[in-house]
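Each structure below appears as structure tokens.
Each of the two complexes below includes subunit A, the first together with subunit B, the second together with subunit C.
Let's look at the complex of A and B:
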């Protein structure tokens, strides 16, 4: 796989939580979703990759050659946005534009203005722009995204970009992410985290599933949909089929659950139907399985 | 110098300077209002005199301290609970920018301090003012020096208890000066100069310590 980012043994230790050691790759030219429940370690991983916090051990290779996130050239190529409180609360769009223009060579003020208009938030030329603390979570995220997209980058790393946006804006964000990838002609990549993939299912090409600081599964979404199935059957058949199910939910009449596609024939013999999972079903199934086998 | 100002602006935007400027204006306005009120002739002048002697010295100490807010604003961005922590830590050469912003904030703090102490001096020439501007300057330098020492300490209690004695000292100095003035005396010059010397030493030590350790502390997370 042609990777834009490779991690080997990446570990971050806190007194009550340990991330890793993680070995993974982020494919070049695609959007990668980091999926996991709250507390899975998605934000810690993102913050470590962006140099906001230091890894305890392990190595990350960026863009195939550099391993030091402290290098300004690497940071210039990464567009990062945190899930909340990214900018100081007293700042307005004017402060953001001024600071980013000074900090990043590629920040484009005109582009920022246009994006702010498109996303319907205050820009640096708005008369009396609102400070961050007076804006809703959604508007704060829109402004942060406008600031990130106003730079020329090769890798976007976004922490929960959709969680505070309304459905329409989430849809626009997905379109914007696809445009970003298309503009890059296979060279630009995206990593975004989410605990609810249903809203951004169309934006993900590759998925990394996390649970309690470790990676439990990863791969291209299409490959994962071939690897797993959703099994559905009558409640009466559940006992016969349960040894083939990784995780399940059941009521008095029916059950469904995640299973490996290689077991589809055996399940069919037991009278259990199977179908390709959506990314949302895959997420729930895998995270449930991880929780039960922890 | 250019890099220092650039880094300072990266960290503060327009917001922090604007806030400090507003704070300075507010102090000056309150100061001026109290002075004008004291000029209104009243029957019992002892109340106005007592009020001025007790209140103005304490109040005047805060004027040179306005700059410390700037410095604290920069230091606060090295605390993960402060909004903006992640933005600033994701910037290119963020540790260098942080060190330069601290140096610039110290410079601005000194400028504000000089302006405050000058204002204090001018006021004391025209009106009976018990507290020496030099004591005011010494306390401001001491506070700035300690702020530089504790800037990267995350524990709020340590920060509060480190600066609290300075404010107690400020209250003590203003009370002591007022009492001496009532007896027709002033704090001896030797005490004033020694205080100033100690404060300058603490300030320089704090600044050197801050600049020597801030890059490492910026990367500690």
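Let's look at the complex of A and C:
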């Protein structure tokens, strides 16, 4: 795989939580979704990748050659967007613009202004702009996104960018992500985390599923959709089919569960139907499987 | 090009199917380039990998070929092969028609008359 980022044995240890050791790659030219429940370690992983926190051990290679995230040249190429309030509480859009200008050569103030207008939030020339603490989570995310998209980057790493946005704004975000990939012509890549992939199903090309600090599955979405099926049957057939199911959900009428596509024929012989999963169904199945086998 | 997001037919198959139709009826000619993968994904509001899978399928079927750094180009189409594919499709449709006719209790003669009638209207 042509990867933009490679992690080997990446580990972050806290007293009550350990991330890793993780080995994974992020494909170049695609959007990668980090999918997992709250507490799976998505933010810890993103913050480690972006140099916000230091890994306990392991190594990450960026753009095929560099391993030191402290290097300004690497940071210049990465657009990082935190899920919670990243900028100081007292800051306004004007302060954000000034700090971004100082921190990043490619930050374009006019582009920032246009993006703020498009995203319907304060810009650097708004009269009496609101400080961050007076803004909603959604507005703070919009400002962070505007700040990131106003730069020339090769890799976007966005932590839960869709979660605080309303449906319309999330749709626009997905458009903008596809636009970024298109403009990059196969060279620009995106990583974003989400605990609700249904909202961004059509913006994800590659998926990494996480549970309790571990990676439980990863791959290109279309390949994963070929690898797994959702099995559906009547409750009476459950007992003979359950050994083929990876996740189990049953009531007195029906059952369903995730299964390997290679078992579809055998399931059919047992009277169990199968369907190709959506990314959302796949996520639920895999996360449930991880929970059941933890 | 139009796709349905909630159809039973996977999106990549819908895309491949429409390009195939365009190639078969000449709307896309030999040497034409298909839209870029990421450009089409952007326009159709779908993921890049889905578009890519559609192009991969068309490549496997020999209808298009990747050109280094330039995207995907429509292959010269073998007239016989195209005709063969049309024939297969025709057979399939006729088979369906016969099945429906049987279900509705329409006999062979009546069915042939219907085809003649429809052919004339065309």
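Keep in mind that, in the parts below, the second predicted complex is superposed on the first by the 294 of 294 C-alpha atoms of A that agree within 3 Å, B and C clash if a C-alpha of one lies under 4 Å from a C-alpha of the other, contacts with A are read in each partner's own complex, and residues count from 1 in each chain.
What we mean here is this: a contact is a pair of C-beta atoms (placed from the backbone, for glycine too) under 8 Å apart; a residue touches a chain by one contact, two chains touch by 3 or more.
This is a predicted model, so every value here is computed, not measured.
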Original post:
Now for A:50: first (subunit B), second (subunit C), both, or neither, which partner does it touch?
Top reply: first
Original post:
In the superposed arrangement, which partner chain does A:204 touch: subunit B (first), subunit C (second), both, or neither?
Top reply: second
**OP:** For A:136, select first, second, both or neither according to whether it touches subunit B, subunit C, the two together, or no partner.
**Re:** neither
Original post:
Is it subunit B or subunit C that touches the larger share of residues in subunit A?
Top reply: B
Original post:
Can A:102 be said to touch subunit B (first), subunit C (second), both, or neither?
Top reply: first
Subject >> Contacts of A:293 with subunit B and subunit C, given as first, second, both or neither >> reply: neither
Subject >> subunit B versus subunit C as contact partner of A:221, first or second or both or neither >> reply: second
**OP:** Go through the superposed model and pick first if A:179 touches only subunit B, second if only subunit C, both, or neither.
**Re:** second
**OP:** State which residues of subunit A lie in both footprints, the one left by subunit B and the one left by subunit C.
**Re:** none
Subject >> Residues of subunit C touching subunit A in the complex >> reply: 5, 10, 12, 36, 38-39, 41-42, 45-50, 52-53
Original post:
Touching subunit C in the complex: which residues of subunit A?
Top reply: 29-31, 174-175, 178-179, 181-182, 184-186, 202-206, 220-222, 225, 276
Original post:
Which subunit A residues qualify as touching subunit B in the complex?
Top reply: 47, 50-54, 70, 72-73, 75-76, 78, 80, 82, 85-92, 94-96, 98-99, 102-104, 131-132
Original post:
Which of the residues in subunit B end up touching subunit A in this complex?
Top reply: 6, 9-11, 13-16, 19, 77, 82-87, 89-95, 97, 219-221
